[in-house]
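The letters A, B, C and D name the chains in turn, as written, and every chain counts its residues from 1.
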Amino acid sequence: MAKLTMAQALNQALGQALEADERVIVLGEDVGRDGGVFRITDGLIDRFGAERVIDTPLAESGIVGTSVGLAMGGMRPVAEIQFFGFIYETMDQIASQAARVRFRSMGRFSAPLVIRTPYGGGVKAPEIHSDSLEALFVHTPGIKVVTPSNPYDAKGLLLAAIDDPDPVLFLEPMRLYRAFRDEVPEEPYRVPLGVANVVRAGRDITLIGWGASMPVVLQAADELVARHDVVPEVVDLRTLSPLDESTIIQSVQRTQRAVVVHEAVRSAGLGAEVAALIQERALLYLEAPVGRVSGYDTPYPMTMFEDLWLPDATQVVSAALAALRF
Amino acid sequence: MAKLTMAQALNQALGQALEADERVIVLGEDVGRDGGVFRITDGLIDRFGAERVIDTPLAESGIVGTSVGLAMGGMRPVAEIQFFGFIYETMDQIASQAARVRFRSMGRFSAPLVIRTPYGGGVKAPEIHSDSLEALFVHTPGIKVVTPSNPYDAKGLLLAAIDDPDPVLFLEPMRLYRAFRDEVPEEPYRVPLGVANVVRAGRDITLIGWGASMPVVLQAADELVARHDVVPEVVDLRTLSPLDESTIIQSVQRTQRAVVVHEAVRSAGLGAEVAALIQERALLYLEAPVGRVSGYDTPYPMTMFEDLWLPDATQVVSAALAALRF
Amino acid sequence: MPMQAGSMEEQFPLIQRLNEDGELVGELGIVDEQGLVDVYRSMVMLRRFDERAWNLQRQGVIGTYAPFKGQEAAQLGAAYGLGARDWLVPTYRDWAACWARGVPLEHGLFFAKGHPRMGAVPEEARVFPAQVVIAAQTLHGVGLAWSLKLRREAAAALVTFGDGAASQGDTHEAMNFGSVFGVPLIFFCENNHWAISVPLERQMRSETVAQRALAYGMEGFRVDGNDYVAVVNLVHDLAERARRGEGPFLVEAVTYRLGAHTTADDPTKYRASDEEQRWEQRDPIRRLERFLLGRGLLDDAGIAEAEEAALQEVEATLERFRQALEEDPAVLFDHVYAELTPQLAAQRDRFVARAKEVEH
Amino acid sequence: MPMQAGSMEEQFPLIQRLNEDGELVGELGIVDEQGLVDVYRSMVMLRRFDERAWNLQRQGVIGTYAPFKGQEAAQLGAAYGLGARDWLVPTYRDWAACWARGVPLEHGLFFAKGHPRMGAVPEEARVFPAQVVIAAQTLHGVGLAWSLKLRREAAAALVTFGDGAASQGDTHEAMNFGSVFGVPLIFFCENNHWAISVPLERQMRSETVAQRALAYGMEGFRVDGNDYVAVVNLVHDLAERARRGEGPFLVEAVTYRLGAHTTADDPTKYRASDEEQRWEQRDPIRRLERFLLGRGLLDDAGIAEAEEAALQEVEATLERFRQALEEDPAVLFDHVYAELTPQLAAQRDRFVARAKEVEH
């Protein structure tokens, strides 16, 4: 089996989807000749032509809005938004259009499109390029939200997202595009949407993360084991909407403690939903408050200081220890 | 003192702000001759002229984006977005522009604008006209989020919002515009931002709501007292960002139970943040999980069934009793 | 020298075939005289429906309704100009156009009622569900037309939008995408001169909507939107050209919103009644009626008969509407996703239990 | 007959005063010969800065940097065409224009470094902070210009944006608002022919950006953006007219991005080197140099001297940049709101404590 980076795994998935299904097209800014600013669509235009791998004009609402029409017209568009921070430009076409087509038409129409977008910090990108805005879309019924944390999941989740009959927002942690390699099977496979991954079984506390935060969570888990004799269970949510609540609850019922980790701003982030759920469904099991390790309530910082701003393993370890000593 | 509806109180506040400060202008779709689709700006164009009470072209990003430029240029624009559901069209200008001007320029510039918008259900409005999207903006640093639940607060909060040196999203529960009247002093006054209102002191449970949900919460409180011998404390958040955490926590530390009520969709709604906060800072006081009474995880429904979909007092009472019997 | 404003009305002259007095000033083109009688009868029926819907709102039977009174010729011309395999992407005021493309009229009432079936367009009708976010559908029209092109379907699409909608960023992005990708689409602007209370001249400084086409290297046309003959011929030609790959096109149908913006609106607050009266003279039905009377294709008996048939049809529509009112509220949960999520399944159960409680 | 595409380049002819060979083909207008020597020297300095910034990124001193190489004449023409009380609303590639309006060049490095001071424009400079969301600033430009009009200030504003930015909905809304409210603004499009890897002809089907003005009843102009003399005179005239209330205007400055999109970009992937070479011939600095040499206003010694002065100025800029690197990270919390909220005060304390820990 080949060892691929997440970027390569995603590229392979897109190629296989284009190959398998004529209805699939890829569109966005610079996805054609340039292969995307992160090279995720590299080479696709040569294999599938400019009619199916399309450089669009610079307009995000245009990209998603036409994708909605394309999807309603029977195509399977995979749209790229160049950075998640620019998603605001097309919020209406996502939240009020793509996510509502099925509901609005009582199932007569649907909008099975995938919106891929790089997100997260740590690569010293300019302003508005590093924001983690997943919570906004978890609060939006009608669209699914998915984010892989490793090359294997990236390929399997993306293929599942393209198959899915509903619109999917597919968040790619840009810091992880080339951070490490995984064994990735050559043939197409699916990782089902809606199912969290218990990355490590444990007993003392549940650490919950997703996407870009997973390496931080895993590093913290290592430290907890190595230095503090704490064996955490680690859950990678993978699909953020709909949430795999039962995996979360079952884990916390056993471990009785939890810390949730995300890069997004703290207030009204997805960590709040996870904490609210746990106290709702497992209060009597809880030995300590569900801890949140997150970004601060400031705009994503100028990158000179982003490393100080981003959650790191030390903070996760401290939060876990605080929960254990509560 | 005159008894005014919320619509009248808001209209009075706008008139007084326009009168007191030349820099204040009012702009939006149909705010001029028509006086706004809810008549909140009624008569202002006659008093202050079409240069200060401005009918704009039909473009929300245009309204907020030019308001950002106006504010940076020294004006105090009060922009109206006709219905909250259309805010998506201008998310970038709110979240990445207005909310970041001060941060981006290290304080050299600021964007002191107010965006007023009617929100919430119960008036049988068309699709996308009744959504409660406050959580999206509580998750957006740099902007304040305010919502009154009665005529008195409406006037005082709006005048405070217009004074505020930072951008404020001002959410007006359209169901309450003309639902009842309050004594409202004629002279201008301010209700400070960032301070929740303990509407009723109580002992057995804390009911937390805001804006359009407050009448539901109050009705539930009445029922709890009258029929169940339960004396709830009722908190009206009023400012949703920044949250008045200490009022919430202090109340729950006394009552040891809480239910939070909102019309917005449940997942990742502001109720999650309130619940997460409470378990974080008052877990050992909690005798029961913080309950959430909210909309369902569907798009805001077609209005034939909105009454069934919206939270009502019965649900709040049940949630409170569940917490008490936990 | 830059182009000076002021010449656009000349550059985009108003295309007319049937003038205000009902005189033919061009060719009938694709329509024949008997067909025009049918169109006349349809218009009368639609006008009666529109009035009836207004009253239903006043009686509290439905919620906010947006009347299309005055725009019947523009809407029917657009709808009937299309071919059988062409698509319509409508806005919220287009019940006449939708009806002509196979969507039963009660959908207009569903929409105003907030009935879940409002957008459940019949399978065979090539029509998108109406939506209310101004201009969002212009991009859907581009995407749909693009899908037709990609799938090599010999079909075109027509997307409608208002004069106010022309100010939205989405409309610009749609026209730009549409022209860059050469999609088989007609951008059909129903310029009824008002966006709620904002008149055209405060919506834009340009004289015409049609001239926007110049920004995109697209062909633009201004047509008398109250002249069914002109509209249907223009749309027919352009749809054919679009199917041949010559699209997209921009059509500005110059018409007028004879009624209020919606049942919640009071136009006396913001517009002069003499303007309304001037446009009453240009009423598209009256114009067609005069033509038909003049040609001997219609007489008083025919008019009475048209009215009679209209009332019956409207009654039948109302009857279908009433019968649809028995709807299971739980349907709200069934089309959020293709399959119920675990969360929604649980919430659906709670909702159903509560609905039962409330019933009792 | 609708307007046919194909005539726009004639309708908006390229305004030029100094041709590619450095020959004067129009009047000097507001500039004098000595002033042109200064502008030449500035351009040389800016070019050296731009190259140096590129290298600083390669050395890891700063992050992603967007070079303005090739656009110096357009930017300086725009900046110097404005009056002292006029405002500049820039995009992210406009460090030359910003510098000419009083923003020290190290701000370009701050921006690329992600330094909190990137947008801390000096109080006296009438310049907005650069921001990266394509086209968002076009609306800020309209709002700012509107505020000048409302406050009866005799001042105008100029907002810059790229050819790619012309596709965004915000640009449309800005031009429409601007023209409806008659604001004293120049929409200044730096058409450098590329939006990252997307060439102009796939960005829009129209031949020119200038013709977009027709959609708004606005005057539009196409100017040779590599011709400082043409640009500065045009902007000067339009700013004056804008201050008199005749605005807004659209200017398309036809230029070329001689370098990569940013330091993260590799243009050999998507564009032909002969195109680049063709535009190297039109380099704005070379053109001015030829003119000055031809007039005897510059000689080899003068060129060498300009280079020398440029290097010194760039060094001084770098020195100021380096000295600014000692910045307190806690500043991130101080400008979220005018006052720290209770949450932010607590979070700031935690952040400071942690920053101290990390230091040790």
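Simple rule for what comes next: contacts are C-beta pairs under 8 Å (C-beta built on N, C-alpha and C of every residue); 3 or more make two chains touch, one makes a residue touch a chain.
A quick note: this is a predicted structure, and the numbers were derived from the prediction, not measured.
> Going by average Cα coordinates, which chain is farthest removed from subunit A?
With centres defined by C-alpha atoms, farthest from subunit A sits C.
> When the contacting C-beta pairs are counted for A-D and for B-D, which pair yields the higher total?
Pair with the higher count of C-beta contacts: B-D.
> Quick one: report the Å distance separating subunit B from subunit C, using the average Cα coordinate of each chain.
36
> For subunit B and subunit D, let me know how many angstrom lie between their CA-based centres, rounded off.
Comparing mean C-alpha positions, subunit D is 40 Å from subunit B.
> Using Cα averages as centroids, what's the distance between subunit A and subunit B in whole Å?
The separation of the two C-alpha centroids amounts to 30 Å.
> Out of subunit B, which residues touch more than one other chain, so two or more?
Only 57, 59, 61-62, 85-86, 89, 92, 96, 100, 103-104, 127-128, 141-142, 243, 267, 297-299 qualify.
> List, in ascending order, every residue of subunit D touching at least 2 other chains.
116, 118, 131, 133, 167-170, 173, 176, 180, 202-204, 336, 341, 343-344
> Given the complex with subunit A, which residues does subunit C contribute to the contact?
Where subunit C meets subunit A, its residues are 89, 116-121, 123, 128-129, 131, 133, 136, 138-148, 150-151, 169-170, 173-174, 176-177, 180-181, 331, 334-338, 341-344.
> Within their complex, state which residues of subunit B touch subunit A.
Those in contact with subunit A are residues 85-86, 88-89, 91-92, 94-96, 99-100, 103-104, 127-128, 133, 135-136, 138-142, 241, 243, 264-265, 267-273, 275-277, 279-281, 283, 286, 288-292, 297-299.
> With touch defined as at the start, can you tell me which subunit D residues reach subunit A in the complex?
Its residues touching subunit A are 63-64, 92, 111, 113-116, 118, 131-134, 164-165, 167-169, 195-198, 202-204, 264-265, 269-270, 327, 329, 332-333, 336, 341, 343-344, 347, 351, 354-355, 357-358.
> Per the contact definition, I'd like the list of subunit A residues that touch subunit C in the complex.
Residue positions touching the partner: 25, 51, 54, 56-57, 59, 61-62, 64-75, 77, 92-93, 96-97, 100-110, 141-142, 144, 165-166, 194, 242-243, 245-246.
> Can you list the residues on subunit B that touch subunit C in the complex?
29-30, 32-35, 37, 55, 57-59, 61-62, 85-86, 89, 124-129, 266-267, 296-299, 301-306, 308-309, 314-315
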